[in-house]
Structures are given as structure tokens and as C-alpha cells.
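Each of the two complexes below includes chain A, the first together with chain B, the second together with chain C.
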Partner chain A sequence: MAKIIVVTSGKGGVGKTTSAAAISTGLALRGKKTVVIDFDVGLRNLDLIMGCERRVVYDLVNVIQGEAGLNQALIRDKRVENLHILPASQTRDKDALTQEGVAEILEKLKEEFDFIICDSPAGIERGAQLAMYFADEAIVVTNPEVSSVRDSDRILGLLASKTRRAEQGGDPIKEHLLVTRYNPERVTTGDMLTLEDIREILSVHLLGLIPESEAVLRASNQGVPVTHDASSDAGQAYSDTVSRLLGEEIPLRFHEVQRKSLLSRMFGGNRR
Partner chain B sequence: MKLLEFLKRERKKSASVAKERLQIIVAHQRSQRGQPDYMPLLERELLEVIRRYVHVDDNAIQISLDSEDNCSVLELNVTLPKS
Partner chain C sequence: MSLNADSANVAFTFKGGMLPMTVMELSSADPEHIRRQLAGKLSQSPAFFQHTPVVLSVEKLDEPHLALERICAVCRDHKLLPVAVRGGSEPVRQSAWALGLGWFAPVEEGRARSLESVSRTPEVAPVASSTQPDVESLEAPNAATRLFRGTVRSGQQVSASDGDLIVIGAVNAGAEVLAAGSIHVYGALRGRALAGIHGNTQAGIYCRELEAELISVAGNYKRLEDIDSQLLGCATEVHFIKEQLEIKPLS
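On to the complex of A and B.
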């Protein structure tokens, strides 16, 4: 049975697209047939993070409006088997997305894939609501920062009321917290909310913790999801996150200050 | 060393300020969750009506909607100043 997972946050710039790309890559690397959909109509970016921006021909809106078939719009990932990308439209306005259209596409994708990852746009407008509407599970991406935490709480409220599961009174959406851009050094000095603080305020199950990492910008520069950088802290943290999503119990890493070895101190071991 | 400790103690850690602020705002947000969209407007208009007769502060009015089995109860609490 295919699972629909929305990656959402309310606030922009917290790492939704990075996370959607990294998690869907991780799932595909484990052999799960995965498709990742960009719901940010007008401001698509997932294609860039996935490194397939020059192969976009048709998009989500084309499919909804019947201008292209679903298989024409799906882009096969060059690096991993089992991974497909459905890009958002660059030009249309947000009203081009319809609930019926999205429902139809998801139904078709469900037949073919194990995981459908919906990369939500920022905000709580139509695009964001449609991205979450049909979800079975939600990954709420949060930075250890006041506005992000508050917006995440707003999103949790919407997940509990404005989604199909909420409206039809079935099992509620399974909510996961993914804390990104975490800096243990700043937590130690008391200038950043701790993981515990965030978990306590939002009272959501913690799926994963991604440390603030140079590897993330490096990955987006190259259009290679950071999961592929298996030697980096962020890459490993996303890999752990995927394991937990698949039900494995993995201890948390990267939430404490890493002691630098003498060697890495001497040679400026900056490769994280 | 003593001086360092003193300097450190002086400033309240910004993260704990953030936590306190968030706890308050999130509790407020959650109390409004699930309530109908018209509630903020209803609250404002009720306050206007009351103000035609008595002068009350913005925070002197508390309004809540509780759902029970087959009905909802709108509870309105207004603190009037001593006249």
C-alpha cells in the first residue's frame, strides 16, 4: 500500500525541499519505489535540488489540465533507480492546482509507487493545503528558532483539521518532527533552543535531527541530494531519518558537540 | 574564573527566553484551534457593543466555545470596571 507523506513547515527556508529531496533519495536507495512531487507552483525548486532542472518538459499543472500524461511529466532520477520527480509549474498561478486534479494524480501514482513524497510550499495557502490534504503521514520541518517553531505549531493545527483524514474522521495523520539546522555548539552556550525544548513545545514524535552542515549547501550547489554524501553529517542524519521512517529504531546522532580530534584540528577538518 | 562566571550569570540565556515566549504563544494558538473562523470577529464586535455602554479594556473580555455532546456552549466573560 502506497504511503503519501507531506514535507511541510509553514515557514519558508527551513529546509523542506532539501529534506524532501534527501528523504525521497534515501527511500529509493533502500529499494522503495518513490516519487517526489513539488507542490510549489510558480516557484519550483525541487528540480534544482534534485539536479534535473534541464530535463523538465511537463509539470504537475500540465498533467492536471490534461496537456500531458503523467508518465510524460515524471522525470526519472539519473542516480538512483526507483526514484521519480514530478516538478511544479514555473509559470502558472496557484489556482491551477485543483483538489480533484491532485486526487486523480495521487490515485494513479499509488498504483505504481511505495512512497509519494509531497514537497509543500511555504505558507498556509492553497498549495500548502493541497500538499497536505491527502497525506497519510506528515514530516514537519522545524528550525530551532522561534518563528519556525510557532509556524510548525500552526501547521500541526491544520494537519489535525484541514486534511482528508481529519474531515473523514479516520485515523489521524501520523505526525513527525524533523529538526533541521541544529547547532549543538550554540545549544551548549544557551543561545539555541534544545531538541528537548522543541519537542516539549510541539509535543510531536521526533523523527530526526539534521545538524547545521556545510554539506547541505554543497549538495544543493551540485544538485545532488545530500543523502548521497554519505560521509557528511547531514547525509548520515538524513539516512538515519529514513531508517526511522521505515520503522527502524536508530539512536540519535549529531545532537551533541562533536569533539574534534587533534588531527582534524591541525588540518582544519572542515569536511562535515 | 570567578569573573567569567559572574559575566555568564549576568545574561539570561536567550534560548530560555525563546522557550518561555513560545510556550505562551503556542498555548494561545492551541486554545484557538478548532474554533470557527468567525470567532475573532465575533469577539471584536461583542467588545464594541459592550463598549457602547461601559468602557472595558481589550483584555477584559474572554470568550470561549466548548463543544459538548450535541451542542456548543459560547461562554462570555466580561470584567467590568467598578462604577
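On to the complex of A and C.
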């Protein structure tokens, strides 16, 4: 049975698209048939992060409006088998999405895939609500920052009231918290909220913690999801996150200040 | 320099001020229709109608001519004081001025928030009751008491319009809990809590951890800024005593 997972946050720039790309890549690397859908119509980004921007012909809106078939719009990932991308339109706006259209596409994708990852736009308007409406699970991406936590709280409220599962009174959406851009040093100095603070306010199951890392920016600009960079801390953290999403028990890493060993200090083990 | 010299014997100074103001958004221009609704409201929350100044918003009305004088009379009969009109056509503006009322330009759409939600069942209510259908009937001491289990999140509003509200969980920043009676929060209170919304000054607010943005009993409120910082983070109770809000630790 295919699972629909929305990656959402409320606030922009916290790492939704990065996380959607990294998690879907991670799932595909474990052999799960995965499709990742960009719901950010008008601000198409996912294809850049996934490095397939030059192969976009048709998009989500084309499919909804019947101008292209679903298979024509799906882009096969070059690096991993089992991974497909459904890009957003850059020229339309979010009003071009309809609930019926999205429902139809998701139904079709469910027949073929194990995981459907919906990359939500920022905000709480139509685009974001459509991205979450049909979800079975939600990954709420939060930065250790007051405004981000507040917005995540708002999104969690919407997940519990404005989704199909909430409206039809079935099992509620399974909510996960993914803390990104976590910098233990700055937490220690009081510049950032601590993981405990965030968990206490949001009271949601913690799926993973991604440390602030140079690898993320590098990966974005190269169009290679950071999960592929297995030597980086962020790559490993996303890999742990995917394992937990698949039900494995993995201890939390990267949440404490790392003492640099004498050797790494001498040889400048700076790669993060 | 001359400004300073004159400051002793000036009759007044102009100052900009932001005052809380109730906007009465009219969706009907019929004074009798308005009268009927006001009569209903008056019995529901008498404390609200004490010469409360209101701005009559006519933006939603599509009529060039309004019986503004009669509408104002109806409001005054119910102890509401119209002080200005917002929106409307040129004739409406002229008649507002003729009646000695101010006139404001219409606001952009989507800015104003409806106060009606106070009395209506909030959007979160069906979720809470549908996920735990039996909780209220089993645990609630009486029908008017409302029990909410879980976190009240930013943007959500939970209200008990006839009795007490009990929240087993936290009320987060940006959330609002309201009750005709008292509010009990078994968790951190970070949002807004308004007890005694129909004017019951005996109502109280009780919480395990006080971090509230705003607390109010029967319309008498304190903001986070006004609260003694020593009480923040403590288990506290809030009552309206001797015409002011008293916050003290729960011991």
C-alpha cells in the first residue's frame, strides 16, 4: 500500500525541498519505489535540487489540466533506480491546482509507487493545503528558531483539521518532526533553541535531526541530493532519518557538540 | 526653543494612539434586522454592551444610501456608541459627517478578523470531539464544561461558550482559549486565555506554567509584558479581585 507523505513547515527557507529530495533519494536507495512531487507551483525548485531541471518537459499542472499524460511528466532520476520526480510548473500559479486533479494523480501514482513524497510550498494557503490534504504522514521541517517553531505549530494544527483524514474522521495523520540546520555550538551559546525546547513546544515524535552543514548548500547547488554524500554529516543524518521512517530504531546523532580530536585538528578535518 | 517655552500653558497636545476598537461589520442595512440581532447578543453577553464605542463597517453592503441615522439610534438603544463609519459610498460618507461621525477608508480584504468566532464553535472542535467521542461524556463533570485533550496549537481557538474549559496539554503561543467560566490548563499556557467572556468576574485561570501572551478575566486583561517576571514559568492562578487581575503562584 502506497504511503503519501507531505514535507511541510509553514515557514519558508527551512529546508523542505532539500529534505524532500534527500528523503525520497534515501527511500529509493533502499529499494522503495518512490516519486517526489513539487507542489510549489510558480516557484519550481525541486528539479534544481534533484539536478533534473534540463529534462523537464511537462509538469504537474499540465497533467491536471489534461495536456499531458502522467507518464510523460514523470522524470526518471539518473542516479537512483526507483526514483521519479513530478515537477511543478514555473509559469502558472497555485490556483491552477484543483483538489480533484490532485486526487486523481495521487490515485494513479499509488498503483505504481511505494512512497509518494509531496514537497509543500511555504505558507498555509491553497498550495500548502493541497499538498497536505491527502497525506497519510507528515514530516514537519523546523529550524531551531522561534518563528519557525511557531509556524510549525500552526501547520500541525492544520494537519489535524484541514486534511482528508481529519475531515473523514479516520486515523489522524502520523506527524513527524524533522529539525534541520541544527548547530550544537550555537545552541550551547544560546543563539538557537535547544532540541528539548522544540520538542516540548511541538510535542511531536522526532524523526530526525539534520546538523547545519556545508554539504547541504554544496549539494543544492550541484543538484545532487545530500543523501548521496555519505561521508557528510548531513548525508548520514538524512540516511538515519529515512531508516526511522521505515521503522528502524536508530540513536540520535549530531545533536551534541563534537570535541575535535587532536588528529583532526592537526590535519584540519574540516569536511562536514 | 519656543516649543519648550510654550509647553507650560498649552491647552492640549496631539498624540497618536492605537486604541482597541470594536468594528461592527454590517451585512444587512435593515435597522430592524440589526435590532433583533443586538437584542439577542445583549442577553448573551451583557458586559459587552456598556457604552462600547464601535466603528460601523459598511464595506460589505452594496447600497449607496443607508439609513445611517436609524442604525445609529438602534446601536445607542443597546448601549453601543457608534463613533465612526468605515467604507461605503460618497453619500454614506456625507451622512456620516452630517451625523457627527468620523469616516475611515475601507481596509484591504482579509485584514479584519471576525469576532464572531468567540461564540461560534471553533474549527478545531469537531476534530477534538471526533477523535475522542467519548471523553466529554465520560469525564466532563457537567455538560457545559468542555474538556480538550492535546496541544492547542498556534492559530487554533478552543472555547467553552457556556462553562469551564479544561485543557489537558499545552496552549501554545498564537493559540487562544476562551471560556464563559474558568480556564484550567494542565500544561504550559503560552497563548491567550480569556475567562469569563460573558462578563463573569468570578471566573479564574489556572495553569501549570504561565507564559501567556495575554490573560483576561471578564474583559480585564494583562499582557505578557505586564506580568511580574518572577511568576513566569510557575504554576499560577489568576483572579479578578478588587477591580484588578491578581496573579499568584498556585501553592
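Keep this in mind: the second predicted complex is superposed on the first by the 272 of 272 C-alpha atoms of A that agree within 3 Å, B and C clash if a C-alpha of one lies under 4 Å from a C-alpha of the other, contacts with A are read in each partner's own complex, and residues count from 1 in each chain.
As a convention for this text, a contact is a pair of C-beta atoms (placed from the backbone, for glycine too) under 8 Å apart; a residue touches a chain by one contact, two chains touch by 3 or more.
The model shown is predicted, which means the values in this text are computed figures rather than measured ones.
Under the clash rule set out above, the superposition-derived model of chain A with chain B and chain C contains a clash between the two partners.
When the two structures are aligned on the shared chain, A:S161 is found in touch with chain B and with chain C.
By the touch criterion defined above, A:D153 reaches both chain B and chain C. Looking at the shared chain after the overlay, A:D197 reaches chain B, while chain C stays out of its contact range. Of the two partner chains, chain B is the only one that A:V187 touches; chain C does not reach it. In the superposition on chain A, A:P172 makes contact with chain C only, while chain B stays out of contact range. Contact with neither chain B nor chain C is seen for A:G66 once the two complexes are overlaid on the shared chain. The superposed model shows chain C running into chain B at a single listed stretch; among 5-13, 59-67 or 167-175 it is 167-175. Counting contacts by the rule stated earlier, residues 150, 153-154, 157, 160-161, 201-202 of chain A appear in both its interface with chain B and its interface with chain C.
Contact residues on chain A toward chain B in their complex (touch as defined above): 145-146, 149-150, 153-154, 157, 160-161, 187, 189-194, 197, 201-202.
If you check the complex, the residues on chain A that touch chain C are 150-151, 153-154, 156-158, 160-161, 166, 169, 172, 200-203.
Interface residues of chain C facing chain A in the complex, by the touch rule stated above, are 123-124, 126-127, 130-131, 151, 153-156, 169-170, 172-175, 188, 190. Touching chain A in their complex are the following residues of chain B: 13-16, 18-19, 21-23, 25-26, 29-30, 33-34.
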